[in-house]
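To start, I am sharing the structure in question, which I have written as structure tokens.
Read from first to last, the chains carry the letters A, B, C, D, E, F, G and H; within each, the first residue is number 1.
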Amino acid sequence: MGKKILLKGNEVMCEAAVQAGCRFFAGYPITPQNEVPEYMSKRMPQVDGVFVQAESELAAINMVFGASASGVRCMTSSSSPGISLKQEGISYIAGAELPCLIANVQRGGPGLGNIRASQADYFQAVKGGGHGDYRVIVLAPASVQEIYNLTMNAFDWADYYRNPVMLLGDGISGQMAEPVEIFPYKPIVDLPAKDYILDGCAGRKPRVVKTLVLKPTDGLVTHNEHLQEKYKRIENELSLYEEYQTADADIVIAAYGITARIAKGAVSLARKKGIAVGLIRPITLWPFPSDAFATAAQTTGQILTVEMSHGQFIEDVKLAVNGACPVEFLGKGGGWYPTEELILEKIESMAAATAKGNL
Amino acid sequence: MNKVHFDKHRCKGCGMCVLFCPQKILRLSDELNDQGFSYPQVSDPDRCTACGLCFRMCPDCAIEVDKDGVKISDKKETTDLAK
Amino acid sequence: MPTLKRTEVLTDVRTHYCPGCGHGIAHRLVAEVIEELGIRERTIAIAPVGCAVLMYDYFNCDMTECAHGRPPAMATGIKRVQPDKIVFTYQGDGDLAAIGTAETIHAANRGENITVIFINNAIYGMTGGQMAPTTLTGMRSTTSQDGRGKHGEGPPLKVCELLRSLDGVCYLERTAVSTPKDVNAAKRAIKKAFQNQIDGKGFSLVEVLSMCPTDWKLSTAQSVDFVNNEMKEAFPLGVYKDKG
Amino acid sequence: MDRHETRIIIAGFGGQGIVLIGNVIARAAVIEEKNVVGMVSYGAEMRGGTANATVVISDGEIFNPFVAHPDMAIILNQPSLDRFEPQIGKDGLVLMNTSMIKRGPQRTDLKCIKVDATQIAQKVGNLRVANIVSVGAFIEHTNLLSMSSIEQAIKDLFSSKNPKLVEINLEALHTGAERSRCMQPVR
Amino acid sequence: MGKKILLKGNEVMCEAAVQAGCRFFAGYPITPQNEVPEYMSKRMPQVDGVFVQAESELAAINMVFGASASGVRCMTSSSSPGISLKQEGISYIAGAELPCLIANVQRGGPGLGNIRASQADYFQAVKGGGHGDYRVIVLAPASVQEIYNLTMNAFDWADYYRNPVMLLGDGISGQMAEPVEIFPYKPIVDLPAKDYILDGCAGRKPRVVKTLVLKPTDGLVTHNEHLQEKYKRIENELSLYEEYQTADADIVIAAYGITARIAKGAVSLARKKGIAVGLIRPITLWPFPSDAFATAAQTTGQILTVEMSHGQFIEDVKLAVNGACPVEFLGKGGGWYPTEELILEKIESMAAATAKGNL
Amino acid sequence: MPTLKRTEVLTDVRTHYCPGCGHGIAHRLVAEVIEELGIRERTIAIAPVGCAVLMYDYFNCDMTECAHGRPPAMATGIKRVQPDKIVFTYQGDGDLAAIGTAETIHAANRGENITVIFINNAIYGMTGGQMAPTTLTGMRSTTSQDGRGKHGEGPPLKVCELLRSLDGVCYLERTAVSTPKDVNAAKRAIKKAFQNQIDGKGFSLVEVLSMCPTDWKLSTAQSVDFVNNEMKEAFPLGVYKDKG
Amino acid sequence: MNKVHFDKHRCKGCGMCVLFCPQKILRLSDELNDQGFSYPQVSDPDRCTACGLCFRMCPDCAIEVDKDGVKISDKKETTDLAK
Amino acid sequence: MDRHETRIIIAGFGGQGIVLIGNVIARAAVIEEKNVVGMVSYGAEMRGGTANATVVISDGEIFNPFVAHPDMAIILNQPSLDRFEPQIGKDGLVLMNTSMIKRGPQRTDLKCIKVDATQIAQKVGNLRVANIVSVGAFIEHTNLLSMSSIEQAIKDLFSSKNPKLVEINLEALHTGAERSRCMQPVR
């Protein structure tokens, strides 16, 4: 293992992108992700890449659209309100089946909200804030090292599936500094040739990148079916999660990202108190690791969902569980975060209720 | 021999060629093409100077003009993406 | 005089444009310029959202469609990573001067080395004749039924005049396709705008005053007159900037 | 029609007044206090190309506003016949404008009413009323709606614009009805 | 009952808005809702209202933001890609608790897609395409008359709850013409005084409209809790649906909007064939009439969700049913629509499977 | 000379601005003008997203915050339904000239009868010093670390020069707050911009060159010098348009 | 009696007043206020001309200037929203 | 500390080099191959107001990156002490810069190390190194990290920028340690 250095999540994401061959970045400043354009503005010229500070988030996502159509690995980054502005562009890129990385370092909402950490853009990321039936692969790292690793993977998956990938972080994961091992990039999948890119039609037929499908009349229906088949394939092939002490757990916590870290602390506290608690931490939010929860629901008594939002992630947990066991909730938005103690308290009350048969 | 040739299938009967022919030798047909459009006919081919203004103003590339009056090609049917 | 016929840079398909639509003429001019400059195999074109959205079916070169108003941003992405390619956008007045105002101005100001063909038909063609930023004062459209200017719509936006002040801009010319002379001038301007890009001179934009008989509810002849009389008065033709 | 529901498609070139036909028929149905859903093909399809409109008329609640398999069709040009013939329901009725259609339907189950609408319109004095000529013939050969409702619909539509238009359209309507009266639907 | 006149859904929505006192409209053209700005551009000046053709959908929603802060009833309208562009603004307006009406006449996606009818913006509308934990009341009319009625109600609910309301239609409901009775507006709730509006501080303390909450540190948490309480209240008070022949149904169809109409036709076909089928048609998509489905799930054998999208609406149906009975799916995007016959076919296969005990 | 003190149009709270920040001076000028014109009770102000986002805490009048860049759109909504009220926006260079470019230009072109106070500090203040559209050529920021212009950023965008061509615009002046004389001139300009609105003359914008010591990483004195020497050269002061 | 009064609680020690006082009679204190900022002190009050330039350039409304040298008010503690 | 985990907060005015303190401590922890999470209060809070940073150092996995109840606090000015005192964990340790803090903690459970950091820095020759003076005192009075790791961290941080800075900061570090050596933490 290499030497570890202390870096912020936002910086590590950038360096991972550069290592993975990202050579185009377009973005617009917004707290708490400003380290990203700042780092990229310096780093991109060093590797003969392109950094553009766009006039807006809209322009940024459409610049990325162009860069991706050109075949280069590319990304944009923003935080909640800025990500809302990118929704039309994301729908286009997904529809055109182009790869790119979009980072959302979430902050408190709605509206201008504040700049504290939040997980309240879950629906937007996972269900799709843009129009139409499209899907974006959503990754939720819980540590700076994982930001490094997943960012690299993100580019591979984006290319492999020709699909946008979103790295869904938050103000904390972006701002916190942890020791991280920077290792060289190696693709984790066999990358297909980019036979769709626009680089001038020398020696071949002209190519078209588009999302409008007028002909035949049901062309767009067919295109959507094609997309859905791809999404099914991704669901089958790509679903990552961490399971922690679930084997004997009477209560399983469902949590992702920063929240899952704290939940892990709560698991330890609870175990010390003799309550058998485990944790399932989805790493991919889409595809959602439904099977993990469905399986856990067969053996555990109840599930507790913890999120830094008012009941978004819990819907996917409930859909996975499908009534097989009760799913409790702990969460708030606007910059609130749970402590180990708060989670423990909730667990204790759940355990007590069960003991009383009072579900 | 005509110096100007009209592709009646591409033509949309807009009349731009008629409007701009300095010799005023063009008129639109009473017949309609398969798209339901009239198309231009040359009333007096000899007066055509091959000036090319009709070509220049045609929005639909439905005209070919050749100074030597050689019919350039027997046009194959135009692919119709718009149908 | 050589044979005049459709350049191979245009595909052999019928377009969906209405009879007498100026888009067809503008297409031909752009295609001929591409042919004459011998750049077809290194050209990447960006279609707008507007009546010209389907131009990817009509041009024999690499093409992409784009979100409404964002072609200059997309062009920036393409050109920056492929500086040796020739990148052009083709945009209507709604696309370029309404929803895409910010993208147009900032690509221009950055001096992106791209070519913009701007079709000003004073109307939203594709959506059926709503008021465009360039609709003339007093002109009726489906959303300015009393004539523009009665309900706070403001005067028409003049794009060349607006962009002229930007230091990043290399070349601006306003042309028309409503007379043979104008068509020739438009072609010269378009050629220059592409040549500028080949020479690395930066942002070039050619505005083309263009007929929309359908949404103007005018005949071909009336449409031509409308451009020649009304539009040219509101939008004077000429070179607005030429950095050389 | 055991559901007492009739699904109609009207199709032709963009300039032939397709929308107006749909409008007149649908409004006549409203006058007769029937349920009706009218719809026009909209948007960015080729301009100047084919246009179409649909009308569903029913005594009961209309569930499906789409007309996938029309019971009746009013077809004003060749490309529209070519396009819609396969979709028409079994034993359906086609009213076709023979001025613009050289090649009739290939199917043998269809009832076919032929009317030289464009020519008749020319005689009425205005090429543009070929659409209403067709309506006249259509109403004459179906017992879908009464001629008087159609007349009323035409009056409602045109009187506010130009009273002369009412006149010429009514004339077109009646001429269309008359000229087709003697013809028997052909199978 | 008054005389009925033939009008398109889009026009009827406008007239209902005008009748209900809407006096500000800002929008940007997009098919298939162009009748809306066209109608409003003509109608607004007639009633001393304001019509602004905005430079973009972004500008339009923010003009509405301003008009609403001024206390006037106001609306904007668009179709799918344009609605994506409004997401940031919607999040702001919801965060600032201002009333307004947003119409989405959905078309096929993703990207530019096509202009046929679609229901693929369900997630965006119901889960929230913008950032943060906010909710928009979503109404799904199934007929032109219902467009008229619900549009009027929409303004009342918007004012009553100080919340944006979305009318979620589609290319068909907007474009189809039906006989409709235009009756005068009468509020259906007691409308509270608008004591938050900005009209100059003459004789009172200055007011502030905002979504940024920095002080105290957990101010945004509190604000979010306040919003959530309101949302709970709306969920309790407002949940509309139509139930059709469910009492004895072995199979219940879940469908909304135009799809539900067709499904109703299928119910009749099925009944004729002796299959006991019913229909639940949510009229409010948020709040979702979960109870209706939960109750139905207790008595029916299975539920069939039909939607013009690739499995969005079904998630809310499943969440409501919570595993109590199987939920089957029929749907596609991109301009596809179901026919009565297609639905019947699906129902027959479901009925056959049940008969064989082969669920 | 009367007593000089804080006008009551400003609330009695300490602002969050950094020491030496030009926003404070600009606030005072706007507030004094509102007081002098006696319009506090019919004024509605729109705060931007930028360092001035909290100005709703500092002004004693009705205020709203707005999405980044959209104040002119929001102002349009407010003013159109309340034409008798005085509506002004207060915006930074990022807000007005980057993300809000389209809203600025179109409100200006429609000739909305509003007043825009445009604080040009050549930097994104609130987000910590990134390049603004108005950052000077060669100037370093956290996203132009080699100095603007090295990597295709283009030259600084000059807002008054850009808007000048729009027929809908009534009044444009560029001022500064870096010397007492400039401050006086700025106040006169701001007063005129409000008076224009009162008189129904249409769109008025006053640009204010303003210090941002924090993100420029300069002392107060150096910041003042920077405005007086560098910024005034790139952005010449003066009246750019005055329809009278 | 001073013609210029400084509200040391509002002051942020930016030094604009010091910079622009034509009489050069202002300097920043060694002491810090409760926000950690120096604040201006008048070295030679008599030379103050009540010209008001310090007031004009102060970004924080921390200065009052009165020609008659009357202390305008005993300032109450300033509300501090920014804390 | 049975979890072998220490949660630290550092707070003061914006200009006092709070971030640097956090950085030095966190980097020293990395040098000692401990787990560490560092964080800085970011963004739009009042500029020139109070700033703070947190560091969590642990032998095991660090779960919670937030520091709600610090075990140790380095406090450089009065407003920060007022703000954070209530949050410090029971029996926690406070290092306070007495140059800027007149009113010490009210709580009696806290261990308190006082150092006249600003004054000492002035003597070292640079007011700006008061932050590192505080670090010296802090390390002297805790056995959290070794002085040599801190020295290394300072070298890593400054050597690329300006070698002279390394010198003066090391001097500040050692002077801070020395001057506080004789003091006993007060309860």
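Rule of thumb we're sticking to: a contact is a pair of C-beta atoms (placed from the backbone, for glycine too) under 8 Å apart; a residue touches a chain by one contact, two chains touch by 3 or more.
All of these numbers come straight from a predicted model, not from anything done at the bench.
Graph distance from chain C to chain H, where chains that touch are one step apart, equals 2. Steps from chain B to chain H, taking the shortest chain of touch contacts, total 3. Looking at contact counts per chain pair, the maximum sits at A-E. Computed from the mean C-alpha positions, the centre of chain D lies at a distance of 62 Å from the centre of chain F. Centroids built from CA atoms put chain C at 40 Å from chain A. Separating the centre of chain B from that of chain G, both taken as means of CA atoms, is a distance of 84 Å. Chain centres here are Cα means. That of chain G falls 35 Å from that of chain H. In chain C, the residues that reach two or more other chains under the touch definition are 16-19, 53-54, 65, 67, 80, 98-99, 101-102, 105-106, 126, 128, 133, 152-153. Multi-chain contact residues of chain D (touching two or more other chains): 43-46, 48-49. Within chain E, the positions touching two or more other chains are listed as 31, 52, 55-56, 58, 81, 88, 92, 111-112, 210-212, 214.
Within the complex formed with chain A, the residues of chain E that make contact are 58, 80-81, 83-85, 87-88, 91-92, 94-96, 106, 108-114, 116, 118, 120-121, 123-124, 127-134, 210-214, 217-225, 227-228, 309-312, 315, 318-319, 321-324, 332-336. Chain contact summary for the complex, chain H toward chain A: residues 23, 26-27, 30, 33, 35-40, 42-44, 61-66, 68.
Interface residues of chain F, counted against chain G in their complex, comprise 1-6, 10-25, 28, 54, 57, 179-180, 183-184, 213, 219-221, 224. Residues of chain A touching chain H in their complex: 4-6, 31-32, 115, 171-172, 175-179, 258, 261-262, 264-266, 268, 337, 339-340. Those residues of chain F whose C-beta lies close enough to touch chain E in the complex are 40-44, 46, 53-54, 56, 59-67, 70, 73-82, 85-86, 102-103, 105-106.
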